[in-house]
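Two complexes come next, and they have one chain in common, subunit A, joined by subunit B in the first and subunit C in the second.
Entry: the complex of A and B
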């Protein structure tokens, strides 16, 4: 499909339209940071942000969600009422969008997760190419940015006065058709600017990290004393997992009130000492070193082996938000 | 319609018997019309069992597939879910998801001599196998080597005579005997020597505590069994049973979908610290 163009005013109108229908999830300012949230008023949306504190993965994998409710005595189940109204997830940065492709591999497949798939199916991802990287960004290491996130249905790239718009999937093309009054074909000048902008932003990223052969390199590192020292400063708070756009591990828990029970699942972290401990007390990862090591191996070696995709997209959130400055870039460079 | 794998099927508890001090064997029947197909299983597979109001835990099936859709599980009281299951009565409902996992290598087991090594409650998934194998008995020999801490902790004692009649040799041992015990005292690995089995081709299936698995494998290798013919059922913390929750993911494998039965050759490919080898 040929690139299209939307000017700033039209985009503002589109945002208002979508938000008035209650369909829009987009970055809004909250204090000094940005969060993705359900937008009520179009003017809340900010597309000049660098990235959100919490990645938009919660659109598909909520922090907490009900799996079903039941009557304790009889075990009669009631599946949750899952909405299937369309959602437009606007302004997703390429790293976070590429993380959706990682989640798709894990949550889709032969034993698809129905909750994830339902949310994913009803959502159109409108990606937003980056204009300036943050100091902690390293998407160049994995080819997951800074333009064209692999989970985009349609991608916006900032040029003078508006955005160049490119549909990537059938869903994206449908979105462009449905809202065609806001779009027009991009001119040669706009496409040229889009191309030079893309080159420019790519040139701004030079992490010096290569992901080639990383799974193998990580595999060989398993017994190395390096991990003892590297894990020393980790306080096992788990923030690295919770802000990670690819971390998908979940815990399952029950809540009971009277004769009614509910089963929930929620984000878990392998940095917790409860993550792999069994009821009898056995634990294949009893020490902090084991758990610290596992996080990196899971992302960079186990997920690649099991799902053929690397579970790091170089968004840098774990780097900037770790309270003790654990830096995955250093770990990768080491190996 | 997309099947939601997270929804347990209601099952009625039909029978409860105390197996050993902290372990009960329950018989359940799933309350669905197509229970026989839905819960068709192979020995070595497990179920995600819900105690409504408390939670869910993975538990091995210990009965024969022939009794399907009636299913038995031996449940040791070790945590909140198993404790609740111990309090359940006949007629109560529990939830079942599954069966999950790969099970023992039946094809191979049907054609070759079989050595089963069990420790403690590790006997449960091997009982399922024991009840399945004798019907296909030909020229092949089956030996069960089973150990527990003391004689009262040997599970399924009333069934040993039947297993022997069906052609299996049974060797028992305990860590500590009592006044009536005339049998072996010591670890299971001691029982693995001088077995009536063709070591070149014999298939060994092990289930028990990690340390027991580790030393049983070591012994079998020493004795000349082949790494790809030695299998063990491994335990892991898990939530979903379908390879999503991440808890049992090690290396390229998920215990819930690629296991819980792994050959020793496969275990050597797994990251150290996970498999007890």
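Entry: the complex of A and C
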């Protein structure tokens, strides 16, 4: 599909339109940082942000969600009331969008997770190319950015006075058609600017990290004393997994109410000493070293082996937010 | 290299050469600019990686809990205060810790993921009453070059905050428990707030229960929090937690005259039984 163009004013109008329908989830300022949130007023949206602290994956994987409710007497299971209304997820950075592709492999496919798939299907992801990588960004290592989010339905890239718009999926094309009054075909000058801008931003990222053969390399590291040393400073706070756009592990909890109850699932972290503890107290990962090692192997080796995709997109959140500066880039470089 | 760093490296190298400690917990340069991170020095040669600057924020006392060896530790004022409280709580054996105490320049708080705004002096440092560890085996005092060496305490403080709207602050909490896990004084092996079945709070409530989660924690920090800022630095959503705990501790000081960590001799408001064989 031919690239289109939307100028700043039209985008503002589009944002207001979408938010007035209650369909819009987009980055808004919260103190010094940004969060993705359901937008009530269009002017809250900030598309010049660098990235949000908590990744937008919660749109598809809420931190807590009801799986079903039940009644013991009747034996009845009721699915949760899930909304079908369309959602537009606007301003997703390429790393986070590529993380959706990782989650799609894990949560979709043959044994699809119906809760995830339902939310994913009703959502149009409007990606936003980066214009200013942070010093902790390393999406170039995985080919997940900074201008191409593989989970986008439609992508905006900033050029003079507006954005070049590229539809990537049928859903994206439909979105462009539905809001066609705001778009027009991009001119040659705009496309040229888009291309040179993309090259420039890609040039800004030179992490020197390669993910080639990483899963194999990681496999060989399992018994290495490196992990003892590398994990020493980790305090097991789990911030890395709470802010990770690809972490999907969960815990299931039940709330009993009278003769029935509800079953929920919610984010959990493999860095918690409870995570792998089983009934009876057996724990296959009893030490900090085991848990630390597991996190990196899961992302860089187990998921690649099972789903043919690396479960790291180089967003750098864990790098900048780890209180003790555990840096996944160093782990990747080491192996 | 500052003169403090120079002295620090020498002391650490000597301790390791003489076999007085198994290792020394200190700071090295981080993986990104303007960051320092905990490091564990095991050989005299490695002492050269030690640094001392305003980025040495992590409270190293956390790493003393559960150690069996005799270890050395580089301690700022707040690390030292935390060690004092850990000694009083029988979590750390004073005879097995060699404390190297350089004067703290005050540490900076990173502006967070958004990367907006300047790094500023951590809020706890703006309130700090003692930049030096109250207990030490080696004290490294900043000489006449104190000003040049980055004595930032009380200088670059940001304007005072307005009244904090705690309800709206707590709404942002994702209950990741990083505040608890990062706290040097949180050494309980089972936590009442971790959302497990027997805990006071439920895993199913996000944001955290108001006010149970945060106030239970605040009360538990009463008479114990050394205002080191570890929780605030770890919190991914940037809750001003030390402000809350310091309010609580102001009351403890007013009512009971106790300031956590300042005085190794002072009896804590909640006294724990002494280990066997030890008398007053």
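Simple rule for what comes next: the second predicted complex is superposed on the first by the 327 of 335 C-alpha atoms of A that agree within 3 Å, B and C clash if a C-alpha of one lies under 4 Å from a C-alpha of the other, contacts with A are read in each partner's own complex, and residues count from 1 in each chain.
What we mean here is this: a residue touches a chain if its C-beta (ideal position, glycine included) is under 8 Å from a C-beta of that chain, and two chains touch if they have at least 3 such contacts.
Only a predicted model underlies this, so the values are computations on that prediction, with no experimental measurement involved.
Participant: Taking subunit A as the common reference, can subunit B and subunit C both be placed on it without clashing, or not? Answer clash or fit.
Facilitator: Subunit B/subunit C on subunit A - fit side by side.
Participant: Figure out whether A:279 sits in contact with subunit B (first) or subunit C (second), or with both, or with neither.
Facilitator: First partner only, subunit B.
Participant: Check whether A:317 is in contact with subunit B, with subunit C, with both or with neither, and answer first, second, both or neither.
Facilitator: After superposition on chain A, A:317 lies in contact with subunit C alone.
Participant: Which holds for A:49: it touches subunit B only (first), subunit C only (second), both, or neither?
Facilitator: A:49: touches subunit C, not subunit B.
Participant: A:30 in the overlay: touching subunit B, subunit C, both, or neither? Say first, second, both or neither.
Facilitator: second
Participant: Between the C-alpha centres of subunit B and subunit C, what angle is subtended at subunit A's, in steps of 10°?
Facilitator: Here the answer is 90 degrees.
Participant: Just checking: does A:253 make contact with subunit B only, subunit C only, both, or neither of them? Give me first, second, both or neither.
Facilitator: So A:253 meets both subunit B and subunit C here.
Participant: Quick check on the superposed pair: does A:335 touch subunit B, subunit C, both, or neither? Answer first, second, both or neither.
Facilitator: Touch partners of A:335: none, neither subunit B nor subunit C.
Participant: Just how close are subunit B and subunit C at their nearest CA atoms in the overlay, in Å?
Facilitator: Nearest C-alpha pair, subunit B versus subunit C: 9 Å apart.
Participant: Please report the subunit A residues shared by its interface with subunit B and its interface with subunit C.
Facilitator: In the superposed arrangement, which is not itself an observed complex, subunit A uses residues 251, 253 for both subunit B and subunit C.
Participant: Taking the complex as given, what residues does subunit A use to touch subunit C?
Facilitator: Where subunit A meets subunit C, its residues are 30-35, 49-54, 63-64, 134-136, 229, 232-233, 235-239, 242-243, 251, 253, 255, 264, 266, 269, 272, 274, 317, 319-321, 323-325, 327, 329-330.
Participant: Which residues of subunit B touch subunit A once you look at their complex with the stated criterion?
Facilitator: Touching subunit A: residues 2-8, 10, 50, 52-57, 78-82, 93-95, 210, 235-237, 239-240, 242-247, 249-254, 257, 271-274 of subunit B.
Participant: Which stretch or stretches of subunit A touch subunit B in the complex?
Facilitator: 67-68, 70-77, 79, 106-107, 111-115, 117, 219, 222-223, 248-254, 256, 261, 263, 265, 268, 270, 275-280, 282-285, 290, 297-298, 301-303, 305-306
Participant: Using the touch rule from the top, collect the residues of subunit C that touch subunit A in their complex.
Facilitator: 30-33, 35-40, 58, 62-63, 110-117, 172, 174, 176-178, 181-182, 194, 196, 202-206, 230, 233-234, 236-238
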